[in-house]
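There are two complexes below, and they share chain A, which is joined by chain B in the first and by chain C in the second.
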Partner chain A sequence: MSDDSTRDGTMTENKGFEPKIVAYVCNWCTYLGADLAGTTRLEYPPNVRIIRLPCTGRIDFNLIVKGFEIGADAVLVSGCHPGDCHYTAGNYHARRRWILFRELLDTLGFDLRRIHFTWISAAEGKKWQQVITEMTEQTRQLGPYTDLYANGSAQDSANDLPSGPPTPFEFKTLPAEGALRESCRKLLADGTVKVVIGYGQRGPAILTRAEDAGRLVWNNRCVSNLTTYLKRKEIKALGKPAVVVKPCDEKSLVVLEKESQLDRKNIHVIGMACEGVGEPKCTFCTARTPRFADETLGEAAGPASLADPPPNRFAALMAMAPAERMAFWAKQFDRCVKCYACRQVCPMCYCERCIADKNRPIAIDPAPSAKGNFAWQIARAFHLAARCVGCGECSRACPAGIDLALLNIALHKAAQVNFGYDAGVDPAAEPVVGSYALQDKEDFIG
Partner chain B sequence: MSEIISQSGLRQLVADRIAAGTIVSGPTQVKPKLVLYAVLGSPDDLLLEGFVRPDNSIKECVFPKQEELYGYRIQGNNIELTDGLTNDDLTNDDAPVPKQLVVAARPCDAAALPILDHIFNWDFKDEFYNRRRAATTVVTLACDSHGENCFCTSVGLHPAAERGSDAMLFELGDGSYEVRCITDKGRALFDGKTEESDKVGRADAGPEKKFDPETVRAFVDQHFEDPFWSQHALTCVGCGVCAFTCPTCHCFDIVDAGPSAGNARYRTWDSCQFPMFTAHASGHNPRAGQPSRQRQRILHKFSIYPNKFGEILCTGCGNCTRNCPEGIGVLTVATEIDHG
Partner chain C sequence: MSKIGVFTCWCGENIARTVDVDEVAKRVAGFPGVVCSLNYKYMCSDPGQAMVREKIASEKLDGIVVASCSPHMHLKTFRKAAQTAGLNPYLVEMANIREQCSWVHHDKPSATAKAIDIIRLSVAKVRNDVPLRPIQVPVTRRALVIGGGVAGIQAALDIADAGHEVVMVEREPSIGGKMAGLSETFPTLDCSQCILTPRMVEVGQHPRIKLYSYSEVEAVDGFVGNFKIKIRQKARYVDVSKCTGCGDCWSVCPLKKNPSEFDYGMGMRPAIYIPFPQAVPARPVIDKKVCAKLIRNGCGLCEKKCKAGAIDFKDEDRVVEESVGCIVVATGYKLYNIAKEQPKASLAGYGEYGYGKYKDVIDSLQFERLISASGPTGGVFKRPSDGAIPKNVVFISCVGSRDNAKGMPYCSKICCMYTAKHTMLYKHKVHDGQAHVFYMDIRAGGKGYDEFVRRAIEQDGARYYRGRVSKITQENGKLIVRGADTLAGTPVEIEADLVVLASAMRPADGVEELAQKLNIGYDEFGFLMESHPKLRPVETNTGGVFIAGACQAPKDIPEAVAQASAAASKVQVMLAADELTREPEIAAINEQTCAACYTCLHTCPYHAIERAEVRTGRGVFIKNTARVNAGLCMGCGTCVSVCPSKSADLQGFSEQQIYAMVESLV
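The block that comes next holds the complex of A and B.
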């Protein structure tokens, strides 16, 4: 795909439109199947550009997006049939990731009719011919993919999501504050922990001296998910921490332990009973008391039933047509300045070096352009697939007010529906990504 | 005697400028509880009251978050420079720069422009910046309130400061504004649009002084290595919110948007809070941890820049503290230094 033949240059009218299709195929089955089609002189449309990779399990999801960015009108991913993988299970892992990735692309408003998955074996030259012929014809009918990233422009006409009336909020200091201070003072004084990660007057407070325990507060504005500090090397260097968690924050600890990111025995967890901190997530939250804390302070009334629940923003988003959804996101991402607050506040984003910071070669377009912002948010959200515990810190931290948590909600729902998995709830549950099941659905795979 | 303009007159002026092809920016209600400076599609989008200040800054008008420097094409061993890819870029020297008007900027935003002028014209005359700056007119709206994070009075400004503005608006409380033109650009904009009156607008008294910048400067000059920084930086999560919403922070990175974006070189905002900001090719990083990065930001604002240009690199808008997900910023650090 040369630089000159951009999407705009290919055609001005639908007449004579020749779609460009990028096919990511595995080395062992589909590539040989395509080869067989050639050697047996089976004719198929020349619209497809084949990119050979070792295994579908090794196909980075970013490549699918990249294919569209460089001008593809449709993308195909194809590998060995289940059970036939040269590496035993690569295609099973791929299948599981596609299930989730399709949901993310759908939420962002990609045209799923342009994304195809299939299994083609080395003996199925005929199937390759048939798949490419049908795909080419279907894409020709769809026309060129001009809606990608809403054509690079943030349209004023793009829909916005409903936001309910502002919920009344009354600041109140909670009774457990005294017990919290006392407990932390003791922990520091007797050397049980070296550092306390709690809440102070203006935000998080990190204490190392028992006499400072009076600086801690506990009120209904204690919003931050403090478990994110456990990953920071400055905190790790201080020694064994005590961390104050709400029931929602506590879920991050479950996932982090599962991913071997923390040694639970070396962390003292102070769970706070919580009735909500005035954030959007609180309106749907039913968790009131932490379950795995080393000590739990305070009491919370049972979940209040909402007389007038706020509008479901996710449902409103998914009610839009795909192109409208993409226009919505293009308008939102237009405000993104790439400050990476979404990444930095996230307890699950603990990579030593983020893919967005890799610059030799560049993996994610670093400019805060439509392409760069979509690429970054796709990478961020998908790396959190079936790992995000829904603490909503990404949305809260965003200075541009982009509701990033909607992307995480999409993937959370996909994990729930397809794999019955709720990140951070059951410490014994097997993580979704990194495992697979023979019966994973494949109704979308041709 | 004073000159006044009604709010509908002001909106009409905005409508006329938009119709004339000027890019008009001003505060807009992006979503409930979020006001940002943004390009106005219609004069009705302009928000004039009921907020302290937008959560971003007007620097974006003269120093965009991404700016194309040039396009290029690689063929074999040859690299050929080409015109830029976007339509509104300045890569073509002859291309006319779109006229810009910023309406209802806050004084703490306008005051940042003369500061940026120094930076972008100190050793190298930054043509991209200068051309945008010359095409920009700034109409400032004096503050009618201040928030808990505001501290303009601590750094020598106040809610009616004229610095960097081409014209100032003062609310009269009856839906109209007193107009004080400061530069020729301002006079040209309001020429024939105002009426004479004897009303005089007033501004908010501003926040009380919260710290003494000289104390901060003395401290940072003498405490390069100090446990204060490691203690203070513990709650910093290392994002770039403070720098990116700051009207005066001006550091940038130069990045290549590869073939998928059509081969172009961009300038994008950068932040001293990122590890990558000082990472060497060897892998060594002279600012290895967050304490040194936090120190750098304060040091630059209260010592390095003042030593070179004779003024503080901060206008007291409070955006860093306001937007910080963990509630820290210049205000919290400076008050901690000043009050111990």
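The block that comes next holds the complex of A and C.
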């Protein structure tokens, strides 16, 4: 994690300030540890409010965010030591999610000194006393928490990320276009599929008649990830689809199949060999030939390396100090109007009822305020943790021009570094959320 | 909910000393929904509880908060009180203002403020409580015991004697397990078969035990109280119902030179055989790998000889289904096979000990057969190579056990004891013989165990060397054992006639596959995992599945039997009634909004979530969904956390309740 000492207003005396601390604790270890502190009369500051939950496995990132929303100055999450979980593995699952969640918070520039994770057993009343005492003292030093919400309004002075000069773009139709049209015509004519989802002149072309196959195009502007249309009810209703995918889009099919969202047997996949479509992501892309397609068209020349690669915006973001990152995001999210285009376009967002639309309880503030926008973007990014295949549709679809994919990149990297997991690459790999390993890191857990 | 009663306890002075209870009651009375707020000296006392009951009735309360001690202390008390007064017990919440407030703070104003906040949290929760009813799960009052060794036998007999039907599945042709092959047992030196055989017969004749020998569990379906078991009965080629066990068939069989599994290759058996004379059931099987009739349609003598007409060469594997409510897994152990190729490279054996190369290097179970009165040598102790009576025998303990390099860092626990026993049995058979033991430590914890080892050394003259053996070679018909005595600090070289390796205990073959069928955990060595190492030693994390014996960890006979009885008593508790009652604070899934991504299914530690379909009343498919099996869910709520749309929720700790609690802290 980055050095936080540069953050404004930290480590100064805040006389008379009494922090509010919300503690989410498990019922079987930490709650009993806190009881033991009482039974043995171990005094600690009265700033903590304990919320008892059955297991750390139940403690959700939404709750941590909510804690700060209601004005907590610090949040504690605590449960049983590894191996002691009353439910055998709830704490392991929780630990894995926290690893990812901390990475997301760090990318947002969140002050990680305000969020504490500990294991406190039923026998560790003393440790509970220490943790609360130290946490209260530290939070007193840090002062009231204002970063996200109270001062959440955008500061114009906030830095922006380099975007580089516009890439010179030369439109060219690619040679496989003819083969693609022919193949789709055949598929529709002989009834193999009922609908073809491909690229058209101005966006997606959804074809149901063989004679329309001529409307399909294949050129270096075929940027979008068409797999997102597979989840649409109206397209499902048409019957078996064929979908045109680039090698990178194909990864979303792997994830969707793992999550039981599609029956691969009932989809005809037309894979296009690809040498890049001029997007920043193409600079780093190594996938040139589809691996799981039913048919592959075209031939990819070696990777099309750009003479002048675009600046690495993620690296530039992480090079900022955390407080600068927070200011950056506050400025970005200030433009968010909660149109949810990022959600609609994402191939991985397929819930029948999005949590953002749920009103009992309201987990995510629906208002396009600083509070609501942060809550939404945190939820969106975290739901994509170790699932996002990096198509970048969210960034492209955002009418406010917020580079949302940066958050996904952070979580993608976290999954790679911590769990060696690349979403959509290995169909047999165990999903990151939903499994755990005994050796998952816990250097951040006290 | 709008009619909440809050009862603040003074707990004598325990709370009242640092929390201004009058102020608390006054402030709390103003909370939304609170219609009555009282305080009393001892809320848990009879008059205190009477007050709660009276107010529930007179004020028609639809939820109460008792602000006193920890819910772990008195939640049950007040739930009961509420129930007596006609209020659903799950509409009771506790506000812990003693352990987590008055006992840990000294400043009265801030402790009082905190107490008010804690009650505010609880009021927010109780306002969102919903009445819950305990869950009833129907129970099939039968049990399955997998494995017919001493642990399985004990468990089956205990359960059957308690009046429940038992289905026992044993994959060998006879029950009895490893114990049936032992000669005598430590520390009493009583004959193993003499104590086991009557128990085996009891199993075979018990009216409530249905024995499937030479059978394996093929598939397990269902959940606690309602398991459906598919059992594969392997083709025996003998009709058990006709066979009388007279023995004509195996005496007439001309193919008599097949290594006996029961004797670990130390003796021979015919192609049609019973593993040992006391086998239960005493019905033979035909080894289809060697039988001339089955291989090339030759011979067929046994069929001709069998008066009962029980031989059936057309026999095939059959799969039968049994319904049970509980399962006891007692699959036992095997010995680390020192010589054979190992599944993992790290297990590759001790080549330097020459097992498999020198006929007179054997393992301890082979030794048991050689020294047994019913063994292949008829009780005369002869060595395998030339039948000579060995005058110098070397025993090596910890072969594989406690050896990190072999991937078995654990202690096999019984080897110290049986090695001492072996030296004694040997001395009792060969009076002028000398036993030598190489050991790392002597672990003889147990009743009469250390005394037993002392006897082996002091009375029967076994020579113990603390040290390892580095190499065994063969010269002039003798095995040259080179080792060290680290206590004396000298190298030791012994010309031995026989070497016995006390190799490590490992879980029986196929236990991992079985564990996967049963959805129970196993450790890195393949030993099955108990639910809690101290408090739930025979339970597993799958409801209704219990473990007993050496499948859980290396253990000796008394321990295996004790554990089997423990498992049997757990089974009896479950089978005591037609229905199981379970706490209702479990997860539920909103099937309308579930997107069927099944992340919860992968996450659930109890495998309590299953794939299901939503259909119309007429059976038209609408959508896929996840569904919670109320019989298995333990209520941890991990599924709720991973559910992106929060279609999963936990009753008693619902999203609505938790958010109401957090938001009350604004």
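Everything that follows uses one rule, which is that the second predicted complex is superposed on the first by the 426 of 446 C-alpha atoms of A that agree within 3 Å, B and C clash if a C-alpha of one lies under 4 Å from a C-alpha of the other, contacts with A are read in each partner's own complex, and residues count from 1 in each chain.
One rule holds in what follows: a contact is a pair of C-beta atoms (placed from the backbone, for glycine too) under 8 Å apart; a residue touches a chain by one contact, two chains touch by 3 or more.
Please read all numbers here as calculations on a predicted model, not as lab measurements.
With both structures placed on the common chain, the touch criterion links A:Thr228 to chain B but leaves chain C unconnected. In the superposition on chain A, no contact is made by A:Phe292 with either chain B or chain C.
Of the two partner chains placed by superposition, only chain B is touched by A:Val337; chain C is not. In the superposition on chain A, A:Phe17 makes contact with neither chain B nor chain C. For chain A, the partner that touches more of its residues is C, with chain B and chain C as the two candidates. In the superposition on chain A, contact is made by A:Ala94 with chain C only, not with chain B.
When the shared chain is aligned, chain C comes close enough to touch A:Leu63, but chain B does not.
Of the two partner chains, neither chain B nor chain C is touched by A:Phe444. Contacts of A:Ile362 after superposition: both chain B and chain C are touched.
Contacts of chain A with chain B, set against its contacts with chain C after fitting on chain A, overlap at residues 66, 70, 361-362. Within the complex formed with chain A, the chain B residues making contact are 30-34, 36, 38, 41, 55-56, 65-66, 73, 230, 233-235, 237-241, 243-245, 253, 255-263, 266, 268-269, 271, 274-276, 289-291, 323-328, 332. Contact residues on chain A toward chain C in their complex (touch as defined above): 20, 22, 31-32, 34-39, 41-44, 46, 49-55, 57-60, 63, 66-67, 70-72, 86-90, 93-94, 97, 129, 259-261, 350-355, 358, 360-363, 383, 430-431, 433-435. On the side of chain A, the complex with chain B involves touching residues 3, 6, 66, 69-70, 156, 160, 163, 166, 202-206, 224, 228-229, 232-235, 335, 337-341, 343-345, 357, 359, 361-362, 365-369, 371-372, 393, 396-397, 399-401. Listing the residues of chain C that touch chain A in their complex gives 70-72, 96, 98-101, 103-107, 110-111, 113-114, 117-118, 121, 521, 531, 541, 585, 592-599, 602-603, 605-606, 611, 624, 634-638, 640-642, 644-647, 650, 653, 655-656, 658-663, 665-666.
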